[in-house]
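Have a look at this one.
Chain nomenclature is as follows: A, B, C and D, assigned in order of appearance, with residue numbering initiated at 1 for each chain independently.
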Amino acid sequence: MSVRVQREPFDLGAELAALTEGNHAIGGLASFVGLVRDFSEDTQLSAMTLEHYPGMTEKMLERIEAEANQRWQLDASLIVHRYGRMEPGEGIVLVACASAHRQAALEACQFLIDWLKTKAPFWKVEEDDAGAGRWVDARESDDAAAARWGRADPDAAE
Amino acid sequence: MSVRVQREPFDLGAELAALTEGNHAIGGLASFVGLVRDFSEDTQLSAMTLEHYPGMTEKMLERIEAEANQRWQLDASLIVHRYGRMEPGEGIVLVACASAHRQAALEACQFLIDWLKTKAPFWKVEEDDAGAGRWVDARESDDAAAARWGRADPDAAE
Amino acid sequence: MARLLYFAWLKTHTGTAEEEVTLPGEVTTVGELLAWLPSRGPGYARALEDPKLIRVAVNQEYARPGDPVGPGDEIALFPPVTGG
Amino acid sequence: MARLLYFAWLKTHTGTAEEEVTLPGEVTTVGELLAWLPSRGPGYARALEDPKLIRVAVNQEYARPGDPVGPGDEIALFPPVTGG
């Protein structure tokens, strides 16, 4: 189990290789990488910046990773989430789960990324070709994706 | 869209990097790797060998990859499946799907690996510490995983 | 004194990322804090004008309107998250 | 002549991976082929003794018992797949 919040890019191949290295009980490794796109709805984007809440972010990521490890029998799990300015094509977030069984690895990976998109304290500014920044609004479809995990939600302020 | 059936190991990091390289419309990359385990039920394993049906394998993999691309809006997809002898820790199969949206990438990846496990013409011999080989029986749970995609199944011989 | 943190566009409106504030006696819950803050100035009023868009964390835990706040707490105000 | 392929433990029992066979006149479907093959010898009889464990592909497409087979076809027999 490991969580990292960092400004630097991550090396996907190296991260995944390290996760399964030496553990021959692992039968499946599922991973998801979120990448910066060069568009948002109908606007061309040249970059985005993620702000986060240092301290709370790490605490929440560690907690949700622990929950995934309780729900599924995992041999290894990893969350790497970047903050700061990123350009199209760069990786923003990496989630990876390894298990003896493929279904556990795939489900835990899906669970973590759904959760990250809706609960982790990150806020995105999108920058258009003219260099103008715009705070992104939350999307309801992301809330719906997280809700299907049937998790009690004591997290909303309303 | 790309399918490869090969004896050689694959480089996970290089395969995934190549899949998204230069396409800034991609927002999510989901992948799954199946690895050789060092046990099966209660037996220690020292290696396994996959036999396949050359010609039919490639044809079926290309067809299912095309179906995934019809069901989901994907920017890129890749299936690499190895055959021959492999030792614990080695990657057997890699499935990766990239899309503008994370849900499409994740679902298509899950669909492809469920299908591969139940329909692709591969047969596994497990080799124990004494070097004795044993053909592996099919698992019903894998059929159930593929069946939940609600695909008409004209593929069984019964 | 409580420590108040503002993120994303809330910070743009309040003009500060972080401040130490003496809470008045009538502010003992998250809801009371949200009702009081706009009186601190037009930037605060603007930041908090749509309560549906405000999330609050007290000591790095998501909080509800009825949850207590007091001296020594770290209280963060931010919009719905839009991460990853 | 039809080309017959055997995979996994079917091959172990038949003793061959691949052979050219002249199908007798009464063999025009997959089901008839499966009924006829055991008469070719004890290895074939053993390979085919549990019909539930036999899958057939004709010209690299999964086939059912009623599907036709004939001269020139590539017919593969194998157990349920256990890939990846």
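Quick note on the criterion: a residue touches a chain if its C-beta (ideal position, glycine included) is under 8 Å from a C-beta of that chain, and two chains touch if they have at least 3 such contacts.
Please read all numbers here as calculations on a predicted model, not as lab measurements.
Asks: Using the touch definition up top, find the fewest steps from subunit A to subunit C.
Replies: 1
Asks: Compute the distance, rounded to whole Å, between the mean C-alpha positions of subunit C and subunit D.
Replies: Each chain's C-alpha centroid was found; their separation is 73 Å.
Asks: Report, in whole Å, the distance between the mean C-alpha point of subunit A and the mean C-alpha point of subunit B.
Replies: Subunit A and subunit B have C-alpha centres separated by 24 Å.
Asks: Per the centroid of Cα atoms for each chain, what is the distance between subunit A and subunit D, given in Å?
Replies: 49
Asks: Mind pulling the residue numbers of subunit B that touch at least two other chains?
Replies: If we look for residues of subunit B contacting two or more partner chains, we find 34, 113, 117.
Asks: Provide the list of subunit D residues touching at least two other chains, using ranges where the numbers run on.
Replies: Answer for subunit D, listing residues that touch two or more other chains: there are none.
Asks: Sort out which chains touch which and give me every pair.
Replies: Chains touch in the following pairs: A-B, A-C, B-D.
Asks: Can you tell me which positions in subunit A touch subunit C when the two form their complex?
Replies: On the subunit A side, the touching residues are 34, 50-53, 55-56, 59, 81, 92-93, 113, 116-125, 135-139, 154-158.
Asks: Can you list the subunit D residues touching subunit B in their complex?
Replies: Going by the criterion above, the answer is residues 5, 7-9, 12, 30, 52, 54-57, 60, 62-65, 76, 78-84.
Asks: Provide the residue numbers of subunit A that touch subunit B in the complex, in ascending order.
Replies: Those in contact with subunit B are residues 11-14, 16-17, 20-39, 88-89, 100, 102-103, 105-106, 109-110, 113, 117, 145.
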